[in-house]
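Just dropping this structure here.
The chains carry the letters A, B, C and D, assigned in the order they are written, with residues numbered from 1 in each.
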Amino acid sequence: MAPEHSPPGVRIRGLTVVYRTPAGELPAVSGVDLDLPPGTITGVVGESGSGKSTLALSLLNAVQPPGRIAAGSVEIDGLGDVVALGGEALRRARGRHVGYVFQAAQNSLNPLKPVGKQVLDLGRSHGVADLRGLLADARGLLDRMGLDGARVLDSFQHELSGGMRQRVGIMLALVLNARLVVLDEPTTAVDMITQATILRIVREVHAERGLTTLVITHDLGVVAEVADRLAIMYGGRVVEQGPTREVLAGPRHPYTRALLGAIPRLVGDIGEARALPGRPPTLAGIPADGCVFRERCPLRMDVCETGRPPVVVRGSRSAACHAVRDDDGDRPAVTAATGEDQS
Amino acid sequence: MKRLAAIAALVGLAAVAACSGTSGNSSGGGGGVYTTVDLNKPSLDVNAPINPWNPKGNSFWGYNAMRIAWAKNTLTDPNQFYPGIAASWDIAPDNSSITLHLQPGNKWSDGRPVTAEDVKFSIALAYTQGSTAFAVDPGAAGAASEVEIIDDHTIKITQDMNNPSVTFVRGVMDTFVVPKHIWESVLPADFWDTLKAARGDGPEAEAARGQIKALSEKVLAFAPPQDVSAGPFVLKRMNPGEALLVKNKNFYNAANVAPDQLRLLNTTGNEQIWNYLTAGTLDNAPFTAVPADVMKRIKATPGNKVVKGYSPVAVSLAFNQSKKPYDNVHVRRGLAYLIDREEVTRIASPEGGTAAVTTSGIHQKAAREWLGAELDTLEPYAVDPAKAEKEFTEAGLQKKDGKWALPDGKPWKVTIHIPAPFSDWVSAAKAITSQLTAAGVDAEVVTTADYPLYLSELAEGKYDLGFWLIALGPAPYNIFQRLYGSSNGWNILGGKVKHSPPGKDGNWMGGPETIDVEGVGTVNPGELTAQLNSATGDEQKAVIAKLAKAANQDLPVIQLWDYVNTQFVNTNRFTGFPGDDSDLLRQPSGVWIQLGLIKKKQ
Amino acid sequence: MSATIVPEAEAGAAAVVRRNFWRGVWRVMRRKPSRMAGAVILAVFAFMGIFGPMLYPDPLPRDTSALYAPPSLRHPFGTDFEGTDVLALVVTGSRYVLLTAVVTAAITVVVGAGIGLFAGFRRGRWDTVLMRFTDMKLTIPGLPLLLVLSTVWKFTSAVEMGLVLGLLGWGGVARAVRSQTLSLRERGFIEAARGLGLSTTHIVCRELLPGMAPYIAMNALIAVTGAVYAQVGLFFLGVLPFEANNWGVMLNLAVFSGGALTTTAALPYLLAPLLAILLLTLGIVLVVDAMDEIFNPRLREE
Amino acid sequence: MAVLLRRLAGHVARGLVMIVVVTTISFLIIRSVPGDPLAARYQKLVEQGMAPDAAQRAVEALYGFTPKGSLWEQYVGYMSGLAHLDLGQSLSVPGTGVSTVLLSAAKWTVIPVLAGTLLSFLAGVVLGVYAAIKRTGVLGDVLAISGSLLHGVPQYVLALLLGAIFTTLIPILPAGGTADIMIDPGFSAAYIGSLIEHATLPVLTYALAGYGGWILAMKSSVVTVLGDDFILAAELRGMKRSIIFRYVARNAILPLFTILALSLGLLFGGAIFIERIFNYPGLGLTLIDSINNRDYALMGGAFLLITTAVVVANIAADLLYTVIDPRVRSGGEPA
């Protein structure tokens, strides 16, 4: 059952998702460019309302009404542009090509059916001829993730713990041999131990099955633990991206810095953690023009009001900020206003 | 609605003119299904036993339940009957005895003959159920003292002349006759001995009365396995909506019973009867209140005819005289001058009643017979606000800002109570309050959920004014006991009249024990009413004249309208229905059929 | 490791929602004209209930030469059995019906939601006791009980009637609210709020009630229509004391003494109160439909 | 299985307690109904022309059938009778057991109510799903509003309208009763046809009156389920629409079973108007009659039957729930 061909790459270009509201169509994701190189784990980090979940759903062309993809493309190897897909083709792509581990995996199962039956439903939906084999695969996957696969397949959702449900969710995403897996908040609402286990499983399975993985989270720690690459979202835009280590070690965008600064550390004074002042913008509150982060930005300049910040690419990293310049290396333009000096 | 149960049932009590000799008309005219509603039991009950004494029993008078004879309920004479089980009878001139001659050759539907034994046994059953003529209590008026079988077809019943009553004969004739061979097990063999003992005095009699009382339950509950009838029909089956009866081949006059089958429809409301009538379903519909427009529709239905007759009952607005200001006769008279009875009748009962010409306590048709020209001397209480004002002023009421108030200046509100299910009464009461309010007397209608509750609250004296049926003819005692009977304090106990004060023993009318009647003098109306039980002829007329005057002047009630027995027949399937004013209209159509009137349409 | 920014974000969203509530109401109403119609209908009925009796002389004039007159310009719905204008009867009769319905709905919702919330929130013994009590209430048949009660009691005023109907009717609401509370609890709602140190009042008023508003609104609808249904029905059956200007009494008289179902003369007399009931129900339905959208977060897009 | 039995035992025990309590309450209420059955009978006889004293004697014959003794003695007598499944004797039909009267009436209520309710349940559930799916469209609106309207319209209004239409304006259906009396009862096509013909209007009214409630309940339930995470999850897994539809339907219909059971129980009492208007001799009509006749035993019996129906329906619903909802089956909290 080892996958024969290589994991797919994903290229998101100019993706804009808008929601229809009484105040008109408002963008939840606007003009996002993002690459998921084949075989990597990419982490997308952002606060609630940053558009990260919408971005994740866009990979399946599954933005829920009243939202819709207004522009852009999501190019997946072997599938083409999913934005252009529809009907049966789209349905078949879901699950088969792209495995999706649902945000609220706790409740992602039909409460009235045992897990095994739902695996069968999945198989029937995708025309799997060997349903017995499918069940065996499912059991194998569950066993692989440290569960008693046979028992879990006979269980109902309410008989499983949060961590178990999460693993069942991962199993369902993988059982049809999807090579691109999207995990939306995989560790929300599970305890720390389980979180660690889940992350380990994500890493291991990713390596074993040769996947391309996208992890959506609000938790930088999760990303730090599993992701090769990292994208930070704010107000529907990717404000910074790059290899995880590099970004964490030398954040360039003020928002990334602020996020890092807000993390309480196990070692050291708890008072050192600084919450980000202000609120993330709501859908209606996203500035139409200029930098989306300017309201909360310590480095705010006049230019931030009008011009959309240029995406400054440096090697494998990029950031979208007027304060970050091409020639500026890893240092931000105004050192005086770093997170450490904020009051 | 319930209107039926009360009023309509009254019609059943009224009777017809003897045309016992039925023309032996013939064979060819038979057949067909006759459809009607039994007025006495408009709502049928499949579970009820075939037992005429059971309140819901599936014995239908005139169809499969037979009485000794059928009362005509003429205007004045309670002793006229059509033959039933008895073909003829001899009544002693002093009402002291009656000898019944049974129909010759009459057989039960199971083939056994109907004999004097059956009649005697049925009389025994009647004793357990309490009847006018067959009473266990020693003191009861108009009770039989002896029942004697002369021969197989002749039986003589003697009245206890210690305490006679003119209602004795009627009491005998009203007795249901059931087959002894079916019912035998209900009564012990020594019943007549027990009865004799019970009619005596002392502890032994007491014990015997107890035994008979215990039997009464047994009789009431007795359920024969199937119908054995001496009537023109036998009950074949019931379903909850209808009863199906088939012709009884053994009936004495079977040759002249036209319909092969009889359907009695179950009705819980008048509107169902209206619908049946507009559809032309019913061959005869007994007395039913009908709104004017529905009447038009019914008349337009092919074959439908309206027959009108006398219905010995009137409705009145009764006062509770223990409540102020209704104790004052001038208040009552003042109200009478304000109520437009014509309008009330037109609104409430356009087809089923005629506005009362005055308050006499008697239905106006019978009143003419009883009172003659004297009827015209009674005050008619025509609408006259001026007179009303005079009466009210005399009563001490005060008029403030166009509204009448009590003598002490407190507001006065006339509250009229009526049972909600009687829709014609509701309309009438509403119309009266509208009239009174327009004349400056504040008035309102209050309904009571159902008739039993109405009666019990009325009897408890809870109402100031309420609607009350009066003039239940033809027996004059029955007519006036509605005004001067137990509801007004006078009870007959052991043949003696006793007056109870207001609020006691069901005296809710609370009238005075004696009344000064202009042109008559001081009378005790209760005593006079009781005299009607034994008085005869001119004596009776004189008493009635006094009572009518008393009722007219003292106004314990305001007579509103006299009912008209409006019935419907459909001549598409059958002919020979009684005409207008026929006394047969006061008996169910089963009696018309058994007398041979009804013919199949050729 | 977890970021501290999450709760703050949620609280912010809630505040915005509240601020936008009335604007939201207006928008929701405007979206479908039918909802506006519903609101207008209810406003008309409310006006009728409050001022209706003042529009006509008391007592209503009668024209005894025009009994059951057909509809005309003077009498749009004809006249009744004693020549009173039917429309005037409907208008003046609305006060009784509406007062009863409002009292009933208020009692039903307050008592039902209160008991349901309390039981679902506290759980344990209180829940058991209250739910047994509720079950018992639901077990006793309502209409038959009313029939019997109407012989024992005399409901002489609209408020009394509403009180009885309300006290008989809260069982369903209590049950529904309790199960909603339990299901919210199952989703970790209450525990989470508790964990954040929010007060019980806050949890109930700010977290639970808004979520259940559509449920409660729907039950209020059922209560109002149920009250109209029950009282008019009882008057129609004729077991309640006569009220001259009352919709149920009109139905009763139209059918049982006017022959409205047999001929056409009394038909307007029957149809007028029926139409009033239908219209009132329609108004309530439309408004509740709007309420549903205002309160239901699933339908609200913001 | 053990869980099932344990639940059943608990339910039956609680149900019995509830029946006893409700019976006690209804006993007390019924005995406080004013109006004397004997006085009612007495007046009727007098109005039929019987002399007052004779009427008095005739009524005394009925006395044996009226309850005697103090309230407490009557209560003890009644309850101990109940323990032996003896509901007492009817007063309006002396000598007939209350249970006989009730049983013969019950079948005329049970069958039409069942038929009408199931009919409306099926229609309401199917259209409710539709209304939920099309909830933003005009058709969905119309369905939902017409559902609410029908739900709000009293049964008697529907009954009166249907009656006016089908028995008066276009007289194609019989106005009342259970079957044509001219047809011999039995297992014949004619008789059964007649039964159905007579039941059409009551059943139709039940169905119409119930339909609104079902469509509303189903719609709201479906909307709730549609918003549930697992439905979106299934979509994201590429499940077939038909399978998702089944997921939605099954999850949405579950809570409706409780309502179904409850309404089945409650409709016994709610049949009053329909039976009154169509002259259909079920429990509702029996109850009205028993109240009018002040037939205490029959009133009490009718109440008991209606109550028991609700309790039994509740138990049945719960057991059904246990079978179809795995969360409950394994001993969790009932939803």
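One rule holds for everything that comes next: contacts are C-beta pairs under 8 Å (C-beta built on N, C-alpha and C of every residue); 3 or more make two chains touch, one makes a residue touch a chain.
For clarity, every value in this text was computed on a predicted model and none was experimentally measured.
K.L.:
Tell me, please, which chain's centre (mean of its C-alpha atoms) is farthest from the centre of subunit B?
P.N.:
A
K.L.:
Where the centre of all protein Cα atoms falls, which chain's Cα centre is nearest to that point?
P.N.:
When every chain is reduced to its C-alpha mean, the one closest to the whole-protein mean is D.
K.L.:
State the pair of chains with the top count of C-beta pairs in contact.
P.N.:
Max contact pairs: B-D.
K.L.:
State, to the nearest whole Å, the distance from the C-alpha centre of subunit A to the C-alpha centre of subunit B.
P.N.:
92
K.L.:
Just curious, how far off is subunit C from subunit B if you go by their C-alpha centres, in Å?
P.N.:
About 48 Å, centre to centre.
K.L.:
If you average the CA atoms of subunit C and of subunit D, how far apart do the two points sit, in angstrom?
P.N.:
23
K.L.:
Residue numbers in subunit A touching 2 or more other chains?
P.N.:
Subunit A, residues with two or more chain partners: not present.
K.L.:
Touching two or more other chains, which residues of subunit B qualify?
P.N.:
269, 275, 278, 450, 453
K.L.:
Tell me, which residues of subunit C touch at least two other chains?
P.N.:
Only 151, 255, 261-262 qualify.
K.L.:
Within the complex, which stretch of subunit D touches subunit A?
P.N.:
Touching subunit A: residues 228-230, 232-240, 243, 247, 250-251, 254, 324-327, 330, 332 of subunit D.
K.L.:
Help me check something: in the complex, which residues belonging to subunit B touch subunit C?
P.N.:
1, 269-271, 274-275, 278, 289-294, 296-297, 343, 346-348, 418, 420-421, 423-424, 426-427, 429-431, 433-434, 437-438, 444-450, 453
K.L.:
Can you list the subunit A residues touching subunit D in their complex?
P.N.:
Result: residues 57, 60, 62, 64, 91-96, 100, 102-114, 121-122, 124-126, 156, 158-159, 169, 172-173 of subunit A touch subunit D.
K.L.:
Can you list the subunit C residues touching subunit B in their complex?
P.N.:
These residues of subunit C touch subunit B: 59, 62, 64, 67-68, 81-82, 150-151, 238-242, 244, 252-253, 255-259, 261-266.
K.L.:
How about subunit D: which of its residues touch subunit B in the complex?
P.N.:
Result: residues 34-37, 39-41, 43-44, 46-62, 64-65, 89-90, 92-96, 100-101, 104, 108, 167-168, 171, 175-179, 181-182, 185, 198, 276, 279-281, 285, 289, 291-294 of subunit D touch subunit B.
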